[in-house]
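Sharing a structure here in structure tokens format.
Per-chain numbering from 1; labels A, B, C and D assigned in written order.
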Amino acid sequence: MSPESAILLSLGIPLAGAVLIALFGRRPNLREGVTLTTAALLFGTVLTLVPGIMAGGRPEATLIEMLPGLPLRFEVEPLGMLFALIASGLWIVNSIYSIGYMRANREKNQTRFYICFAIALASTMGIAFAGNMLTLFVFYEALTLSTYPLVTHKGDAAAKQGGRTYLGILLFTSIGLQLLAIIWTWQVAGTLDFTLGGILAGKAEGPVVGILLLLYIYGIGKAALMPFHRWLPAAMVAPTPVSALLHAVAVVKAGVFTVMKVVVYIFGIDLLASTGQNLWLIYLAAASILIASLVAMTKDNLKARLAYSTVSQLGYVVLGAALATSWGVIGGSMHIAMHAFGKITLFFCAGAIYTATQKTEVSELSGLGRVMPFTFGAFLIGALSIIGLPPFGGLWGKWYLALGALQAGQIAMVAVLMISSLLSIAYLMPIPIQGFFGKGNGNPGPVEIKEAPLPCLIAIGITAFGCLALFFFPDPIYQLLRPLGFNTNDP
Amino acid sequence: MDAPGLYNYWIVIVLMMTGFYVVISRGNLVKKIVGLNIFQTSVFILYITMGKVSGGTAPILAEGFETYSNPLPHVLILTAIVVGVATTALGCALVVRIKEAYGTVEEDEIQRQDDAT
Amino acid sequence: MIATHLPALQIVVPLVSAPICLLLRRSGLAWALASIVSWAALACAALLLQQVLSSGPISYHLGGWAPPWGIEYRIDAVNGFVLLIVAAIGAVVMPYARVSVAHELPEEQHATFYTALLLCLTGLLGVTITGDAFNLFVFLEISSLSSYVLIALGRDRRALTAAFQYLVMGTIGATFIVIGVGLLYMVTGTLNMLDLAERLPPMSENRTVLAAFAFLTVGAGLKLALFPLHFWLPNAYAYAPSAVTAFLAATATKVSIYILLRFFFTVFGAANTLELGTLENLLIPLGVAAILVCSTVAIFQTDVKRMLAYSSVAQVGYIVLGIGFASTTGLTAAIVHLFNHAMTKGGLFLALGCVVLRLGSARLESLEGLGRRMPLTMFAFVLGGLSLIGVPLTAGFISKWMLVQAALEQDNRFLAAAVAAVILIGSLLAIVYIWRVVEVAYFRPAPEGDGEGEIAEAPLSMLIPTWFLIGASIYFGIDTSLTLGVAKRAAELLLGGGA
Amino acid sequence: MQRHIVLRVTTKLLMPFILLFALYVQFHGDFGPGGGFQAGVIFGAGFILYALVYGIESAQRVAPAGALRVLISAGLLLYIGTGFATLALGGNFLDYGMLAHEPARGQHLGIFLVELGVGVTVAATMVTVFFNFASRGQD
């Protein structure tokens, strides 16, 4: 399979899957079989691209010319490769989990659920492989729209309200700010192709760079940089598999991934560093990290707490981009991967707890760990990875970020990383601790509580293991991301 | 040209403004149509006036005449008159239907009935 | 032989079939004839556009009289494109009309309906194709008179008042255009547009020319529902029969915009009467106001048809904005949006027509639970709505992209950013009003009482045209080589001054 | 109107002259002032006068609504048909010169046919408009 066709196939496979799912809507087993097969095929296709990228290849594919001089074009580079690998790989796991979760909770409209999921994944692939900013924007919007029915899946008043916030903020930022920034860039630079070293270098001066950066950073609402983070907690009304894959991996990661892309390939880190326009972005990211951590501590709803934790962790990636140093970029990119595994584990556990006990509040979980040891054990692993303790993958992201901060001479940022780690201990650790050691809340309920369905547990096991594995084998990822540090003093 | 020679244009302007004013200020639909007619008539006169050539006669070939008025504006305005008649007929038809549906041809009365429903 | 007479056939075929329709009297026959004729007109328009694109403007001398004395039909990239839009919408709406009209009008009015619709089509095509300023007025009145009739055919009695209001406003507008044309004739002695364009430049200081310009602008502005002159439009669109609303919304205002373009750029463009500054000062504020005010008003409508009507006024604002920039990009954006909006809004109104067929009304609350009962119709509506918002991969996105780009090209950086922001804010307002409908249709349960079986999906004869237009509004958001290519040529032609 | 004998008799006397004058205006149109529009209006006015005095029913016996409808369309078709004939003879649309061997005669014939079409349509339309208004609300 040539790389070109692999690129196009990785968009086509999920879409074809969506069609098949729609056709087999009335036969659940077949339908889920299609989902799993599609996910596996997609992952396989994406994998075939890896060796070429590792060897320094940059395969391209052009779909059609949408606007004069602006085709829908795909080009695979390390960052997108990593993102595509994570998203497609975790889709397999998540599909297994979904099957257990959706059936156990007897959710309605499961066919629509799987269709939208497949379309969302196709959009994610589009974002990952986008070769220019227009292509990225197109799939960015497609992702927003295809996940809207997932967010409002329940169809009740809360879901509608959540959906409004979700769509409102994401479309407002993307159409109101990001699109403006993109067209402006097109106007100034005359191209939107992602180019290492940036396309704005030498074309734009100080204030314009600042304004454009502001428009981009806030225009990429999916990155959930405060104060445009409200959609993420709002989206938690969705079924847990959605929160897990989309709002811990695909959607939010699409956001920070876009930030990375913009910083590295549109502005170029040298331009940012030399104009000094990245300073305020560093502070914004730091503020977002700390404030979101503090808010997370006040949330009793488990998914809301995880959502704010995500907002905080996304700040890390933005920080990495804002530092505009090679280590910062590598650290931020690596954090995309590490956080994905950690956070999806946590969400899976939250969903498993809900499936088994119908409980959603942190304060109700006391003592549950003794009944559901596997789930709570996995939760502990995920939490430790997010906090950044060895022997879990989360450590590496923070490690390189700290290096990047030092490289940029931002000692204060190292402190921010430390403080936020402490805060995340404070909001995450009580959950497993209470679960294992807390007293039961006295009313075991009419039904005996047991572990979640088997598919859920399998999924949780895989991702928790992933957290562990990434600690010992971060090197492939590092090797993949190395070219991003292009043109800077590589220590 | 001397001022009295332009009196046609003054008539055009007066008629135009009269008609326009009637359309805007009257609430009675029939009067609106009347106003519209006056307004259109002013344009007819404008066109006919511009077709006039000083000292020219009707544009029919005949012995002993050299100068003729310009016939083109007349032809044009004949079309405009037809259009005007059609508009008036249609407008009147609408007024009749409105009268049947609402029992009145006063605009404010119709407005009140619509608001009530 | 037919190829050389295409310009005449374009107009005459629909014109001749109108009285035949009246004679046929039988609903089915009249419909069949009207449909065939509308498709013939589309084929004709497509052939003409293709000829123009391959071998330059076509000139047809009616009655063999050479211009500037005789009436000339002249087709270039600008009106070739508009012809295609009008004919395409006509060809889509005609087949659709059968079921919709059978449901909304009494049997004896059907033949009249198709006659009027064909006349309206003739008029609109005529306005577009003619190269003679007075002939333009005549065709304009043909289309206007028949559209008053069509609107008055609506079931609600308010359709009558709406038609009357439109009649008064439309007549004033058309009369203003005649006055303008007359004044131009007084100073130049010609009615042919190209001839006018040649004779006007030395008279750029002439006050009569300026007055003519003013009359033409206001007259065209009335017909195209330029922002403060739009009050006739929402009522007219809201109470007209569904098929008529779709047809008029997609074509009538577009043709009026073409009139504006033609007079501004072809006739006055060569003369310096048209200083770019004046255009900017007039059209940009009006366009901005239209976008902001009418989008906001649309949000508060309880009738979806009315809501879309206000949205139409706002969309006209976008086009006017593009014209106001008076740059190649701006005009390209305006012309592309002319096309894209015709497809999108036509499709949306057709979808609403399906809703009206089944529910008997387009009031927002009556749409409850419709997402399940009429899934195809509502999905078409959602896609159309997305195009209206300007989401990527829809035609609306292309328009917005070009418009923002045109805005950013302006020299005045502050103005540029502000206008670009307004364009995008308009999109956001569109999200709000479209999503009100989506939420009602998808998140509210269907009202109790009537069984599930009662409200079924609309018949195929209506769904296919609806999806055809919606599909077009998606397709032209992805493949823009035709639309953008032609629009760019048209814009260059207009700015080139005549030719 | 039954008892207004003067009106009834005068109308009867006037009718032939009105209609004849209409025909004169129609057919003399290509030599002097006149033409289809004017003739049609005069012709229609004759009918309207008759209807005013003798009642709509008796007028409609002469000109039933269906016939008027046909006439309106027929006039228009005659006009456009002439155009098509010129097309068929190899000229442009409405290029009357094609209608006969020498262009001048062709022009003559063409304008005659076109004006006749216009006259028929205008007359029938005027009468129809009047009938529609006048009979409204009576049945």
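What we mean here is this: a residue touches a chain if its C-beta (ideal position, glycine included) is under 8 Å from a C-beta of that chain, and two chains touch if they have at least 3 such contacts.
This is a predicted model, so every value here is computed, not measured.
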Subunit B to subunit D, fewest steps along touching chains:
1
Quick one: which chain's Cα centre is the longest way from subunit C's?
A
Could you name the chain whose CA centroid falls nearest to the centroid of all protein CA atoms?
C
How many angstrom lie between the centres of subunit B and subunit C, each centre taken as the mean Cα position?
28
Averaged-CA centre spacing for the pair subunit C and subunit A, given as whole angstrom:
44
Where the CA atoms of subunit A average out and where those of subunit D average out, how many Å apart are those spots?
79
Per the centroid of Cα atoms for each chain, what is the distance between subunit C and subunit D, given in Å?
36
On subunit B, where are the residues touching two or more other chains?
none
Going by the contact rule already set, what residues in subunit C reach two or more other chains?
none
Contacts with two or more other chains occur in subunit D at residues none
Applying that definition of touch, give me each pair of chains that meets it.
A-C, B-C, B-D, C-D
Which residues of subunit B touch subunit C once you look at their complex with the stated criterion?
20, 23, 29, 32, 36, 39-40, 43, 46-47, 50, 73, 76, 79-80, 83, 86-87, 90-91, 94-95, 97-98, 101-102, 110, 114
Can you list the residues on subunit D that touch subunit B in the complex?
31-33, 35, 37, 122, 129, 132-133, 136-137
Subunit D partner, complex, touching residues on subunit C are 1, 5, 8, 12, 15-16, 18-20, 22-23, 60-64
Of all residues in subunit D, which touch subunit C in the complex?
69-70, 72-74, 76-77, 80, 83-84, 87, 90-97
Of subunit B, residues touching subunit D in the complex:
58, 60, 78, 81-82, 89, 92-93, 96, 100
